[in-house]
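First the structure, which I've put down as structure tokens, then a few questions once you've had a look.
Note that the chains take the letters A, B, C, D, E and F in the order they are written out, and that residue 1 is the start of every chain.
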Amino acid sequence: MRPEYERRHPVTGNAYAPMETARFTEIPTFLRTPLARDLQGLDIALVGLPYDGAVSNRPGARHGPRGVRDQSSMARSTHHVTKVNPFELCSIADVGDVPLTRSMDVMATIAEIESFYRRLSEAGVAPLTVGGDHSITYPILKGMRPSSPLALIHIDAHMDCWDVYMGSKYHHGSQVRRAIEAGLVAPDRTVMVGTRGPQNTPEGWEFVRRNAIRVVYIEDFVELNVSGTVDEILRVVGDSPAYVSFDVDALDPVYAPGTGTPEIGGLTTREAVGILRGLRGLDLVGAEITEVAPLLDQTGGTSLVGASLMFEMLCHLAESVTARRK
Amino acid sequence: MRPEYERRHPVTGNAYAPMETARFTEIPTFLRTPLARDLQGLDIALVGLPYDGAVSNRPGARHGPRGVRDQSSMARSTHHVTKVNPFELCSIADVGDVPLTRSMDVMATIAEIESFYRRLSEAGVAPLTVGGDHSITYPILKGMRPSSPLALIHIDAHMDCWDVYMGSKYHHGSQVRRAIEAGLVAPDRTVMVGTRGPQNTPEGWEFVRRNAIRVVYIEDFVELNVSGTVDEILRVVGDSPAYVSFDVDALDPVYAPGTGTPEIGGLTTREAVGILRGLRGLDLVGAEITEVAPLLDQTGGTSLVGASLMFEMLCHLAESVTARRK
Amino acid sequence: MRPEYERRHPVTGNAYAPMETARFTEIPTFLRTPLARDLQGLDIALVGLPYDGAVSNRPGARHGPRGVRDQSSMARSTHHVTKVNPFELCSIADVGDVPLTRSMDVMATIAEIESFYRRLSEAGVAPLTVGGDHSITYPILKGMRPSSPLALIHIDAHMDCWDVYMGSKYHHGSQVRRAIEAGLVAPDRTVMVGTRGPQNTPEGWEFVRRNAIRVVYIEDFVELNVSGTVDEILRVVGDSPAYVSFDVDALDPVYAPGTGTPEIGGLTTREAVGILRGLRGLDLVGAEITEVAPLLDQTGGTSLVGASLMFEMLCHLAESVTARRK
Amino acid sequence: MRPEYERRHPVTGNAYAPMETARFTEIPTFLRTPLARDLQGLDIALVGLPYDGAVSNRPGARHGPRGVRDQSSMARSTHHVTKVNPFELCSIADVGDVPLTRSMDVMATIAEIESFYRRLSEAGVAPLTVGGDHSITYPILKGMRPSSPLALIHIDAHMDCWDVYMGSKYHHGSQVRRAIEAGLVAPDRTVMVGTRGPQNTPEGWEFVRRNAIRVVYIEDFVELNVSGTVDEILRVVGDSPAYVSFDVDALDPVYAPGTGTPEIGGLTTREAVGILRGLRGLDLVGAEITEVAPLLDQTGGTSLVGASLMFEMLCHLAESVTARRK
Amino acid sequence: MRPEYERRHPVTGNAYAPMETARFTEIPTFLRTPLARDLQGLDIALVGLPYDGAVSNRPGARHGPRGVRDQSSMARSTHHVTKVNPFELCSIADVGDVPLTRSMDVMATIAEIESFYRRLSEAGVAPLTVGGDHSITYPILKGMRPSSPLALIHIDAHMDCWDVYMGSKYHHGSQVRRAIEAGLVAPDRTVMVGTRGPQNTPEGWEFVRRNAIRVVYIEDFVELNVSGTVDEILRVVGDSPAYVSFDVDALDPVYAPGTGTPEIGGLTTREAVGILRGLRGLDLVGAEITEVAPLLDQTGGTSLVGASLMFEMLCHLAESVTARRK
Amino acid sequence: MRPEYERRHPVTGNAYAPMETARFTEIPTFLRTPLARDLQGLDIALVGLPYDGAVSNRPGARHGPRGVRDQSSMARSTHHVTKVNPFELCSIADVGDVPLTRSMDVMATIAEIESFYRRLSEAGVAPLTVGGDHSITYPILKGMRPSSPLALIHIDAHMDCWDVYMGSKYHHGSQVRRAIEAGLVAPDRTVMVGTRGPQNTPEGWEFVRRNAIRVVYIEDFVELNVSGTVDEILRVVGDSPAYVSFDVDALDPVYAPGTGTPEIGGLTTREAVGILRGLRGLDLVGAEITEVAPLLDQTGGTSLVGASLMFEMLCHLAESVTARRK
């Protein structure tokens, strides 16, 4: 383990590794990483984005970063299948939360998020974000300013390709549409997994058809299974730089009850982990977990799922960063 | 969407569709349908049957209609696989709850339930009921007065073919036996799915064997899988008019903790949805969801499952009604 | 009981009183009142205002109307101390929710709320509202267009006299300030009860001092007790038309855990009821319960408290309306 | 401690006192007493009455004995104020549950309960019962066959003097009326404490007035306080043999959320304990705790309250039995 | 059913079978068996081991026996697939809890546990234990004093082959290592199922490799499925006397949230039951369920799972005992 | 606010005050204070002591520091009654958790705790600790090495003066006895508040009598009320340096359900705050909150109470430190 993952206790003066102390101790940072003081030498930033001002149903994702940080103390350093230790590959730190100062104003918040990620981007730091409602994808990608449209792996119960809802163009059901319209995401390198549920209008279905987005509905997933789904993702994404957007409502509500818009019949965590593991080798430029609403699941289970999936994605992101470094 | 699914706001006077407003608004009717004023022109009645006077273990299903109504606000109008919109096919309304006036008296309650469903039957309205404990099947079918014994698709952890228990012939573990004895259900066109769990007496096992009822135990289901199970159901039911009785304890307790007699190792919601979708094309005359006990699952999850399965069944029922209309 | 509190069952055709059926039956309207079809002849409107776009901490009050409607089925018609039956004094109905169409936009929402209450005001209907976060007081009072500034009885852990927060002037901690600035409320006829808790800035304390608002801090309440507090309220309000604004966080968190900004050491429900009963005889023009966030208290307890306090206020409002009618 | 409160471990053969082992060990009997094998030499029977077939709102009190037994492991042997150790004064045992065999039939159940308590009565054993819904008082008293009408101390949010409800004369809101009509209870030696809440009909109020029952409404209690209330109870009961009936809904819902018909503004446990302690010296012939519904309070808190109040009553009952023995 | 499974009611004197009464009645013993008075004639002891002094993360397994006893009232006597009734095959009783007197001292506790199981062993009684944290395996096996190293079927998310942690060699992550070192368990006849999760050190991975322990990681299980996994277990164990150790965290956290160290992506109960059923025919000498922490799952679900798996294991153990008897 | 309470955001580089950002943001330190890097210039250390190895009933207090840190984000800087801002008076920081390395060994843990507090003591830093079970008082006081026995204000449902329990002299019911025996605490300057509950042995009662400790039982408190109790405390403590030990089980279980040994009839938070405020002016040398077990209260309420009481004590401690500085 790298030196920066050790700490000197302020009272005893002894060196110790927070990542190895008992799970219920220490101030909870993401995956027990150090709190960054600046972006110097940082490869990957673990970011909290405590915002839920754009939800259409049950709010609460503003507490997502808190909940995931807390449960992420359960995480450990080395993946048991790949034996990857991301903390040995890269310099990784918790950079705290995006400092939102006007979170009752949707447009102002979009601007603040964009500005934050631009700084990360300018410093060459890859972001792994814990939301926050799913609307955050759009301003995050804007801030990342990709040189060409990114591939998007959108794992979610919903397609989030609707247009105006509740009077707003910018909500947690429209961010994919907005990102495509803005040229941030390439629809033909976009793949959706876990989509399901009735609709009141065909608007979203039409958007994905019109844009030739590959949608692996949950019914397709049952046919394709994990390996077939992974094949589809790899085929669609190709060698394009890719961004992974994981909405916890892709999971079945029993695995992630702490979320705002649950839909029955979703992914199990085992399936979700299987899909994420299949992404190894892709050229990831960033990732996010969204819609964890801890107060809707006071057992902490949804946050634990979020933290566990975060580790899976971090391993890949660390390998991608390492690969690009060469 | 039909005009009756619009409403004029009593204060603003503006027309609007309750089914399309934000999920947390409006008075909760089943699936956001209008409250019926009478049975005129109605095709399908969504009925609440708040009764749990015949349970052997944990009560609470009397709150089932409340819970399912509340969570059914999450529902939307068009099925994402079949693209069926039942509200365009049929006139569907919430007719409120069966008005029980003597619910501490099992026999009196049976009579009141029977009488209620007779009225629906006489008006040519097909019922989709949310219970209530599972004993309700017997008086519902009595009230429906089928011209010949119905096929029964009984999805449940238990066979409900016991005889006297706790001194009563009419409880939530005997209603299938009672319905068969009364000639309301044809045993050779009856199929059970999801059956499991130890027993104290072989009484139920003997009844199904004696009556040649097809039982797809959960162990059989694991072998047959969804498609094989559906094949079995279709084979047994044939083109007989059929009634679907779905006890939420058919599901594994993690999917439906809010029920009185949980048994581990049950169906997932994905499997349950798969089975229900396989029933498309059958000649359904009615359906029910039973044993949702919301106070035993304060997250609302079990009620959400109930509401979601209700929509699946409603799509079929609407198609059946439409087909019979021709 | 007035005829309009009876209903004819759509299936049986029998007349019955929803208010007298078993508590777990029927579609949940506020206090089991009929759903209004228009404002004709209505004296008091029970209004849901499902909005929490202006909270600074934990959201969830958007579900307040749902929760209170559900638990208000526990209510009954006649007060056991005063023997007042408000439903005999006045025509009272549930008018549904304020139809918000742009709830992610604070300013647009304020306009929609104002417009809604203006309609009620023009029809001569007194509003009893269930919020919603506490910011709603300001647009409600704007809509009511009082001919002169109203007396305000603000029962709340917080003074809600702050200015800009999180970039907005209009949030759930500033509405009293905004209402006073707009001339809707008379500061010298305003009394606050239950105020407590540390602050980061003296801004609120300075506003109330500057405006000579009478603040009965919880420490003062302990000295004055219920009767002394009631005396103070009556002294400050005098015979001015008055509006009662009850934030459930005035209560101790054990009585109202389902709220966004709990502060320990608050009122008991017995004390709160005592204070509300002391208001009998005041000239009330409207009232509200705010900040009930049912998903933060899945036992339903906070909603039950909200419904119970709602009934206490309704009795007074009905007497006030009756008195003004003469 | 008496020898019978020791046990010999079936495996180690060592003697030990279950009442003194760690709180989370051992099979949970009421207050860690031995399970009776017969009634030989027994002074006081701790009885479970798992029945809730007569409730009008939320069921669940059938699990009351289970819940209270579990939490009663927290109890200890000697009262910290009076220094009474009831287990030294009397022979006390858990006699298990009343074996109901027809609990879906109200009349049959009444007969079975009556018969059970008659046996206890014939054996000279005083009963301390954990219900069960409150309807049980009537058959218990019938079974006890008092030689003259008993004084009744009815601590409850409700008067339980209604007549027919939901088609039945025998429900958990009518048992006091039935007991008085049957001459089991003397109305002029009956006192009610904690009564509150609106009503739909004046039926109950009229019954208590007609029968000159002393009702200490919660509003009266606030005036009288604990000591004044105790004085009233002692005055009304005099030296008559008395029965204590404690419905946990007398407590405020925050102290006893696990009950079927909560009413806000009730007693605190400190007040309830104060009232119960004031009964010392009365000639108690039996007592009961009713309406504990553990599944409605999964924290165990309501059951802990039930167990704690049970111990308070047991101390008095043991002293009464001792006094009568002389 | 054998006579000893009947009881005579202490009050009515009637004989009845606790196993057949309503699920919410009676004092909860394991699977409704009688409480043993001594070990005379006993074949199988159901043992509670309320200890969690050796956990590294969340404690609470000390309440495991209580929780499982309570939920095991849901069990019934005859297996629905095999039709085995263990209570007809063997004499089975609840022998209460291991009486620990120094549970804050790890070494003293190990000695007390060992001594307890030695007594069972000397009496020829096979133990089926409900823990307690997983450290108990080591002292249990020590107490059983197998004549040669046992085969071990270790179903668990973790390998529990670590060495010193938090300053102790004896904790709930080291007991397999300790048992192998002590010659109680044969590593080449040991098989682990369900292993998963990242690690901070390779210590455990190295131990199993060095000792050639067969580890069926969850990823292997997905490949092998239930039947392939069962084949592996049978191959490794052969005809050796075997001990089954089931840690509920082998299950996915949604099936067993009430445990101290959850890891996502685990077994479903259906899979777990499938694996356990596959063990039929092995020569089992004992079994255990560990790490059920009921207070971390107040729904009772985890305890119900524990009780249900306990019954599955009991059926095999009863058949093994019967086979050895011949 | 002092400069050290500002932070520079690692990404934006902007200065901001964590104490003033939205309550759901930022990494949770105690009361939003900075994490200390060393003890330089520090006046008061906020310490977490995550240990529950010495509890006799329900464990879980090891998660106390986590829970209280999380909820303490609700705190603000200036007391609304005294207008004290402790952060202006003193340099206050979160020094993290006491790094326990052998927490399964009671004696080793005592030594580690003692050593930690000795460092603080040597650096002249006053400790405000969040436990952990109540056994921690003894090693904390040992580490503080008071020059003469301290006055002790012990607010707790229990006297914690027992001797050996479960084989250990050092548990969470004996630490006051141990501290007195060791000459760390002066019994004649010790006062206990809130004591209540039955006992199995008179051991504790005898110890306090023998040592002439002033015990304000809850029954005495009801007589004395807050002001009389405060008078007693001030009289007993006099001008001696004093330590405040607050066990959250002093509170009634409805205010602090998240604790291991609840006793009904305890303090309200309003009363507790009243008592604590009365301590102003005493010469406090340290304070602690113990027995907060967050997992036993998943609403967060008990932790919020703990955080709120912590702030009350911090204000006094800051004034004491300031006074001694002069």
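As a working rule, a residue touches a chain if its C-beta (ideal position, glycine included) is under 8 Å from a C-beta of that chain, and two chains touch if they have at least 3 such contacts.
The model shown is predicted, which means the values in this text are computed figures rather than measured ones.
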Quick one: how many steps at least from subunit B to subunit F, stepping chain to touching chain?
-> 2
Please give the intersection of the contact partners of subunit B with those of subunit C.
-> A, D
Which chain is most remote from subunit B in terms of Cα centres?
-> F
Most distant chain from subunit D by Cα centroid | A
In angstrom, rounded to a whole number, how far apart do the mean CA points of subunit E and subunit F lie?
-> 40
CA centroid of subunit C to CA centroid of subunit E, Å | 55
Residues of subunit F whose C-beta touches two or more other chains | 22, 24, 58, 62-63, 100, 103, 166, 254, 296, 299
Which chains touch? The pairs are A-B, A-C, A-E, A-F, B-C, B-D, B-E, C-D, C-F, D-E, D-F, E-F
Subunit F contact footprint on subunit E (complex, rising order) | 52-54, 58-60, 62-63, 100-106, 108, 166-168, 171, 295-296
Across the complex, what residues on subunit B touch subunit E?
-> 56-58, 166, 195-200, 202, 205, 217-219, 222, 252-254, 257, 261-266, 296-297
Contact set on subunit E toward subunit D in their complex | 9-14, 16, 21-22, 24-29, 35-39, 45, 48, 50, 62-63, 65-66, 69-70, 93-100, 103, 115-116, 119-120, 298-300
Contacts from subunit F onto subunit C in the complex sit at residues 19-20, 22-24, 74-81, 254-255, 268-270, 273-274, 299, 301, 304-305, 308, 311
